[in-house]
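Chain naming follows the written order as A, B, C and D, and within any one chain the residues start at number 1.
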Amino acid sequence: MYPLYLIPLMPLIGAVINGMIALAFARKSSKAPEALVSFLAVLFPLASFAFVLAAVWPFLFQDVSAPRIETLFQWMASGNFKLDFALRMDRLSAIMAMVVTGVGSLIHIYSTGYMRGDKGFARYFSYLNLFLFAMILLILGNNLLVLFIGWEGVGLCSYLLIGFWFEDPAKASAGKKAFIVNRIGDFGFLFALFIISSILLKNSDAASSGIFNFATLEEHKALLAPMATVICLLLFLGACGKSAQIPLYVWLPDAMAGPTPVSALIHAATMVTAGVYMVARLSFLYDLAPFAREVVASVGAITAFFAATIGLAQRDIKKVLAYSTVSQLGFMFLGVGIGANVAGIFHLMTHAFFKACLFLGSGSVIHALHGEQDIFKMGGLRKHLPVTFWTFLICTIAIAGIPPFAGFFSKDEILWQAFSRGYTLQWALAFATAGITAFYMFRLVSLTFFGKSRVDHHTLEHLHKPSFTMDFPLIILALLAMTAGFLGVPEALGGHNILHHWLNLEGGVVSEHAESENFERLLAGASVGWAVLCTSISLFLFTKKWNAVGRFVEKVKGAYTLIYHKYYVDEIYDALIVRPVNWFSRVILWKGVDAGVIDGIGVNGSAKATEFLGRLFGLLQNGMANSYALYFVMGMVLIVWWIVH
Amino acid sequence: MIGLQHYLIVSAILFAIGMAGLILRRNILVIFMSIELLLNATNLSFIAFSRFRGDMGGQVASFFVIAVAAAEAAVGLAIVIAIFRNRGTVKINELDLMKN
Amino acid sequence: MESILFYIFGGLTVATALGVVFFRNPISSAASLVLSFFGIAALYAMLNAHFLAVIQVLVYAGAIMVLFIFVIMLLNLQADELHEKPFPKIYLLLTGLVLLAFLFAFAQLFQSAQWIFPPISESFGSIKAVGRLLFTEYLVPFEYSSILLLVAVIAGVVLAKKEL
Amino acid sequence: MILILAKILVPFLIIFNIIPVLIWLERKGSAYIQDRRGPNRASLFGVIRLGGMIHSLADVIKLLMKEDIMPARVNKFFYVLAPFTAMTVACMTFAVIPFAAPMVWEGVNFSFQAADLNAGILYILAISSLGVFGIMLAGWSSNNKYTLLGGLRSSAQMISYEIVMSLAIISVLMMGGSLELSKVVEDQSVNLLHWNFVRQPVACLLFTVAMFAETNRLPFDLPEGESEIVAGYHLEYSSMKFALFFMAEYANMIIASAVISSLFFGGWQIPFASTDFLRAHAGEVLKILLVVLAIGHLCAGLGLVKRGRKNIKAKKWGDRGDYEALILGMGALGGAFLLAGISAYIWPLIFTAKASLIITAVLQVGCFLTKVLFFCWVFIWVRWTLPRFRYDQLMKLGWKYMMPVSIINIFATGAVMLVK
């Protein structure tokens, strides 16, 4: 039985070693030995994956359900507040950990091919390993603070990796944007923690068992009940920041500035799902706050729809994927929001597979086209990049929700749950979104791979054929995207929802309809039909009737531009928040408070006072140094007198 | 019979003498020596008390005082040399650059 | 016997200390200061602080005062340097009053007191005991003092260099 | 009381008796090192010369008879005080030197040591650090720029080299674990391999060099660099005051040798003959010694007489000194027979415990003094072998080489002790 801490330790070691190498070669003109770096960078995540499997084994095959908790050391103890640095492995962590380390390893392998020849090679992998470390900590943390370390750690890594090519100011600022937006979310998260501690510290036995431990929270949730709604909403604010939900989703599209594997790992597969994980993990808290559930679900649904519509009109291949990620995350939040945690996590897993695959595929395309990202400059790559094409297609089908691929089952699970639990509005939005998703995804595929090539000949001649290290992960992920769905085939469709029973983590109020069985089949059929319909439309339009699209766009110019500019959300934020804050800090804080109050009264005032006193006592300073000694002695004598009498 | 108070009085007298030197001499070197006297007076009372209370902490304290005195002498004398080199005097009443 | 010794050494100490203050010539002051240190060392020895007594001689008489005399010889002050402008009478008077007040205060403190030294163990003040204390209970200040001395050495070198 | 006085006086006597010998040794040694004959003229009654040893006697008389000049414009008080300070301080160190193993005489502990301080070695350091005062005061009070330079040099030099000296000692103390000189000597048993110069060769070397510097002997005699600053700090002194400085230097030498031999060469320990062994077999040892001495005298006497007869044959009667050999030879033969007689007399006797105690003590003192004299000879030897350092070289050697080495040595010792 390996100790759990080996799992996060491995990537940490890798990060440290690669960081050392990067530092060692930072000043030198010679580049770091790529072979060595890639070997290390891949070795440690794989090792970590192996340890995860070893740790998960009993849960999978020996039907263990009790969480396994290992305390590394006591982290802090002040007053009656004490906290252990403990790791927790239960079924939820298990599935997350498998996804993270598995997909992570694959993406490491991919990166070794994708990043070849970059001058920050070692630095890149040290960041990536560090990210893996933080993510694992986030997942395995036994209490909210350890989780929060991971939370911040992944935030840091995503900042570092988005701004990886920091010579380009746009990319650097994208990194900053991500960081700052996340700060807002983290503020919410922290505030929630404060409230929790302020409540639970009053209770002695809660304090004695470490107030932030999930077990403790669940045990004493009754105490939290009055504040539950606030706590949950604040936590959800954090989740919004991390998982790019309205209103804090704006950083994710810009985050595409980073290397594509990073987008795949961090901004599709793992980090952005942290929020979902957190909500699922704290499901018992959300049960206390139906309103919070309502909010989460609605926000998820709205985000899904909103982002999907934006995705319709994007030209940048990665941007499209980014918005689809946002909308898929919306789905997940819908799932966990209504309390269908299993469905949410299930979708999280499948989405991790196919979205990672899609991103990596887009990465291959971009790589092949020397960094071209505009899909209107692509097309007809089917012949040139067969592997990429097939994997991409498979995953697109998966995301479009066409059976029997993974996406269908997970998404349909969510939809069904939403409907059956009476969140009809959200269900309607999500249902529409599913169709739109199919539409723009196939737009993407057809513009990229079908039709005749719009790539200029020069590029086409020297196409970077993706190396095997880049193809291999695609294939694996595509296979997973095909098959993973069968973990969660609902009873209605003749499967027996293995994941559901295994994970067994339902929240919220489950209100089964009487005729659910048939009704569920009906809905499933409907969504399939809807997906197929949109798919075929978009295929038809973007391959055959290209100019028709153009004409249509001309007709709805206004709407198109609106969508194309992402509903001007960035501009609105800029006008509503950024500018006022700047103005406030410049005029009020700087000119007013700092210059006026602090400098004027505080600094100069005290200086003036000191000067005055100095002039006063300066009269004593007659330049005869001995007399100073005399004064000093007088004072001392007085003290002695005072002591004596 | 000699008791604690005798030693304390000796140290007090030494202290007074040191302060007299501090107040009445203009030669920096002598002032330094007076400071050493002050330190020694305190040391003496330290050690007298340590003997009285049977606690060697006082001796340790005066040990530290001696160390400090050594440091102080080194730096101070270096300063005196520098002053003498730049201003050609060691009389404290002639070092009045700050006097307007 | 003990009291005789005490008065001898105390008297020596005080007398030579007076010499320090009232000799014109810095060398004389230094020499009498050395003697005063010897007196103090003897007092230490009478207080069972043998280690401190030796250290007193070693550090003060042997190192610090040598440094003083070295500097005095290096400066090699001439007569006009040695002559000091007398102070105003009022100043001297004030000083005398203050010092007397000081001593008087102390005398008040001790006038009625009769503190007799208790008997103490054989090893009191021996090098072993003090050293043990120094390296166990007072280790941190000890290290600090070492750092202080290092700083002092560097400062001395820098200050005494020809061109600052 | 008597005992204490004796303890205080005996070291002085020893010093004052060794000094003339050393002076003679210095002269003869330098002479032979420089391939000269050295002093050989002064004589008693025109006959006894003792290879120039009489010169030392003559010196003493000369120095006593000379006019004592008190230069004008000197600081009288310190001018007079300085030589006494130098001499006194030089002799003070002898208080803690153990001359022989402590013994129990009629139930009373008796240690051959004026004062067995528990801080003996610190005491040595303290006193030797005072040694500079005499020189500095002399240099300053003489009111002469050469003497002032000498004083400055010696003070700087001594301060610098005391550090090395102390550091070198520390590494020895770490092994001994005690600051009492007697303990240190005890620890290095009769086994030569346990003497500190084997266990601490680096420290031994450093300490010896530092001692050379402390005693202002060549190659460190900058305070009195004849060729540079006429005669350094004692330039203005004459007659007995000068003699005091002169003797102080030799006294310092003797002290240095004594300290070196007690710290590093087993003090009074006689190689391979432990105190107990000697006390057990005092009689035998004494008898054997007597016999050996008798034989020695016999050989010497015979040789001398032979030489005298050669002179007689050669009909050289110009100088009455030519009788010296004959007379000494006769004396030696007489001594030989006397010794033989004594040994023959005491041969059958059995020695009491007390007698054996005394014999042991005498033997050990003899051994100690032998070591001391040997190191004095080393001092002289080095003086006439090495050239003088330049001042910056001196400082560089002290601060840049010896001090780091001694610190490293301390660390090394500590490491070894940790491993053990």
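Miscellaneous remarks
The definition used in the following text is that contacts are C-beta pairs under 8 Å (C-beta built on N, C-alpha and C of every residue); 3 or more make two chains touch, one makes a residue touch a chain.
Remember, predicted model here, so these are calculated numbers, not experimental data.
When the C-beta pairs in contact are tallied for C-D and for B-C, the bigger tally goes to B-C. Distance between chain centres (mean CA atoms), subunit C to subunit D: 35 Å. In whole angstrom, the spacing between the mean C-alpha positions of subunit B and subunit C is 6. Measuring from the averaged C-alpha position of subunit A to that of subunit C gives a distance of 70 Å. For this pair, subunit A with subunit D, the centres built from the Cα atoms lie 86 Å apart. Counting only residues that touch two or more partner chains, subunit B has 19, 23-26, 93. Within subunit A, residues 626-627, 630, 633 each touch two or more of the remaining chains. Counting partners per residue, subunit C has 51, 55, 63, 67, 72, 74, 87, 95, 99, 102, 106, 109 as the residues that reach two or more other chains.
Screening every pair of chains for touch gives A-B, A-C, B-C, C-D. Partner subunit C is touched in their complex by these residues of subunit D: 75, 77-78, 117-119, 122-123, 125-127, 129-130, 132-133, 136-137, 139-141, 148, 151-152, 155-156, 158-159, 162, 179. On the subunit C side of its complex with subunit A, the touching residues are 87, 91, 94-95, 98-99, 101-102, 105-106, 108-109.
The touching residues of subunit A, when paired with subunit B in their complex, are 623-627, 629-630, 633.
Residue ranges on subunit C touching subunit B, taken from their complex, read 2-3, 6, 10, 13-14, 17-18, 20-21, 26, 29-30, 33, 36-37, 40, 43-44, 47-49, 51-52, 55-56, 59-60, 63-64, 67-68, 71-72, 74-75, 77, 81-82, 84-85, 87, 92, 95, 99, 102-103, 106-107, 109-110, 113-118, 120, 124-125, 129-130, 133-134, 137-138, 141-142, 145, 148-149, 151-153, 155-160, 162, 164. Listing the residues of subunit C that touch subunit D in their complex gives 25, 27-28, 31, 34, 50-51, 54-55, 57-58, 61-63, 66-67, 69-70, 72-74, 76, 126-127.
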